[in-house]
Amino acid sequence: MPLLKVCGLTKKFYGITAVNNVSFAVNTGEIVGLIGPNGSGKTTLFNCITRMLIADQGRVLFNGEDISNFKPAQIAQKGLARSFHFIRVFIDLTVRENILVAAQHHQQDNDLEQIFRTKNSRLLDQEILIKADKIINFIGLQGLTNEKAGNLSYGQRKLLSFSMAIIFHPKLVLLDEPAAAVNPTMIKRIGEYIRTLNQQGITFIIVEHNMEFIMGLADRIIALDQGSIIADGLPRDVQHDYRVQEAYFGV
Amino acid sequence: MEIFLQYLIAGITNGATYALVALGLTLLVGVARLVNFAHGDFFMLGGYLLVFLFVDKEIPYLLSIVITLIVMLILGLLFERIVVHPTINKTWREQLVATLATSIILSNVAILFWGTTPRLAPTKLSLTILRLGPITISSHRFVVFFVAVISFIALSFFTKNTKIGKAMRAASQNRDACLIYGINVNFVSLVTVTISTMMSGLAGVIITPLYNVSPTVGSVMTLKALTSVVMGGLGNTTGAIISAFILGIVEALFSGYVSSQYQDVASFVIMILILVFRPHGMFGKKVGI
Amino acid sequence: MKAIKENKYSIFLIIGVLLLVSILPLLVNLPFVLHVLISTLMYIGFALSYDIVTGQIGAVSLAHASFFGLGAYVTALIGKAIGAPFWLNIIIATILSIGLAIVMSLPAFRLSDLSFSFATLGLALTVQLVVKNWVKITRGPMCIHNVSNSSLWFNGILEISRTNLIAYFYLFLMVDIVIIILYRLISTGRLGRTLTAVRNDEVLASSVGINIQRYKRLTFFISAGIAGAIGSLWAPYISVVCPDYLSMDYTLNLLAIVFIGGSGSLLGVVGGSILLTVWPELLRVTPAFRLIIYGLFLLIFVTSIPNGVKGIISNVNKRLKIN
């Protein structure tokens, strides 16, 4: 059984078909690269899978379960995480709090326990705190742990939002251009980190324009053009596919 | 049947009133993306200026209208500079609080000057009652209707045939479009807000002779106008006007046949239902993900 | 509107100050001074309850006065029917206010942002119209006069007379301390982070698994319950209950307190309540004049001074530290 199965997903905006009858499946343990020129519908596809946008047609199965009618929060609870193309962070929370808040909704205690700080609740707090600090060290933001996310630079926000997507040990992570506007050293580290997490069993779908990065990382590439899948296969094959060449360079 | 027609006429006049107030608001919402909670308070000020000029100072009605419009022009400019301009790039929360603050100031200034008892401003026309068979109509209702139609035509002409009007229309489609017309965005905002304010004030001057004016009429008008605007689709002028008439008629019928005390409840219920059943609420919320 | 990070010790500061204030009545036993103190305490609790929903989770409700008014009316009516002790009144008022909040939330929380505010405004006006016109029960614009005194037990046993201002002072003080602690528990820790996250970005919040609706409802209900409790305490103290207890003017007062003081901040809201309650009482200005001044300050703050007075103070602090 594939981890994610997308069947006939279609999304139109006032006559523009942003995603056109897209079907594919992703197996557990894969790293799939999603490429395509600007405006080809990659972000919209992510939005439809996570139900931030409601698709006009099609179904999405996650882990065998039909999530087409779920709310975004439920989908996240099921273990499907994502990052955003236009980077989003919680500007009034500190770096550490951003990561904590991303992790804490996967804890098993209720609001009353949280309000009255029961022992169980405090233990859980400790647990995620340790995890959060670990990841902050990893992405190299330890100097900014208590800085408001609103004061971070674009690149720093990007790293933060990457950590927020992976902190709660999701089964599948959708990353929307994680390497854009990040410095080369950090790109390398992100790549290595993705690979490490992948070895721990986390599956990735990654939208990326940085070909070197994505071709090196992905086991498989799906190429979109004008909302439709035009190629799906090994990185080498897709890169040399004439339709992909045409879509990118108009050859 | 006569009773029904009588209610219907009252409803159409209500509708014309709401349409006049909504016309300015839909412009503001469309062009500046600003929901102005003080919009109805300019209506109220228009009404009080009429009471002051026409009743207290005995200045002729037409001249009172002209003077009121000039005052509204100045108020509109001030409102844009002091309230709209500083908040236009802030979140909806700041805009809400800023326009609510304006509404608090205006309605309480009215209380300080004129007290809380409603004031009347009957004109010769509003006291002239026409009889059409069994139905009686105050002739002033025709004035209201006439002004509503003229305002609508004037506004369409302005936005379609002048350079600044075209820029306003473009801006309602796309915020950066003014640049294409080579017109300063600030200027577009200034003109839009001022026209909107003047139209609300004009509505107040035209309608007050039929009813009365009190400091609280402002917030009620804001709600009715906002309801029409939301019902018609944000920034859609024709839609807002049709909705205003529907709202006016439904209210009049409700008030006549069901309960006059709860007339306003009828419109609030309509408003809430529309908000809920229009997907994504007021702005058809575009999520910029 | 950015919330300010709360100093860890602000709650001790505030409770310390309140304890200091608590010996005031023993020193100056003037009815006027006591009345100002009691009003201030009332507004502190009322404004904190408002800030839970408006400042913390960022849903600007315009219906908060409805709950206060409901609490006041319920208490006045119970007083006429049976003499219930004040704590039972509070419990009933709280439950009914939460009930009203649940009804309001059905349409209102299907909306977000401005539409939510707009819908709550319509709902608040509807509730007020009902209270005004339901003359048989509420006596409408004639108001309910001579609300029974608060008492500690049934049938007026251990009654707190309205002339016993000191007793009312301590009653409000105790309730305020409870509210402050509750506010603190809600606005910090995991729940506090969640609320800030929802206020900052609903889309991102839902992408990390936060059930936005649930937290909006939670805060709305808690804040409505507290407002009902405050109304229930206020009615016997002030002895008259009128339809304008449910009017926008009360909500606008709160809006001014919260946004001028500093929304989302304990110190800001408490400071705002003190600032905005004491001077109008001292200068004995008319409500209209007071609201004009509030409106002007609101405008100034919202257009040019983010974070309210609290923000100014923390900026000054920062500068002093740097230099």
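By letter and in written order, the chains are A, B and C; residue numbering begins at 1 in each of them.
Going forward, contacts are C-beta pairs under 8 Å (C-beta built on N, C-alpha and C of every residue); 3 or more make two chains touch, one makes a residue touch a chain.
Note that the coordinates shown come from a computational prediction; the quantities given were computed from them, not determined experimentally.
When C-beta pairs in contact are tallied for each pair of chains, B-C comes out on top. Distances from each chain's CA mean to the overall CA mean are smallest for chain C.
Centroids of subunit B and subunit C (each the mean of its C-alpha atoms) stand 32 Å apart. Distance from the subunit A centre to the subunit B centre is 46 Å, each centre being the mean of its Cα atoms. Between the CA-based centres of subunit A and subunit C the separation comes to 41 Å, rounded to the whole angstrom.
Within subunit B, the positions touching two or more other chains are listed as 287, 289. Those residues of subunit C in touch with two or more other chains are numbered 203. Shared interface positions of subunit A, i.e. residues touching 2 or more other chains, are given as 52, 84. The residues of subunit C lying in touch with subunit A in their complex are 2-3, 5, 185-186, 189-191, 193-194, 196-197, 199-201, 203-212, 218, 264. Contacts from subunit B toward subunit C in the complex involve residues 35, 82-83, 86-87, 91-94, 96-98, 100-105, 108-109, 111-112, 219, 223, 226, 230, 261-262, 264-265, 268-269, 271-273, 275-276, 281-283, 285, 287, 289. Taken together, the subunit C residues at the contact with subunit B in this complex read 1, 58, 60, 107-108, 110-119, 121-123, 125-126, 129-130, 133, 203, 248, 252, 255-256, 259, 286-289, 291-292, 294-296, 298-299, 302-304.
By the touch rule above, subunit A contacts subunit C in their complex via residues 50, 52, 71-74, 76-77, 81-82, 84, 88-94, 97, 100-102, 104-107, 111, 114-117, 121, 125, 148, 150, 164, 168.
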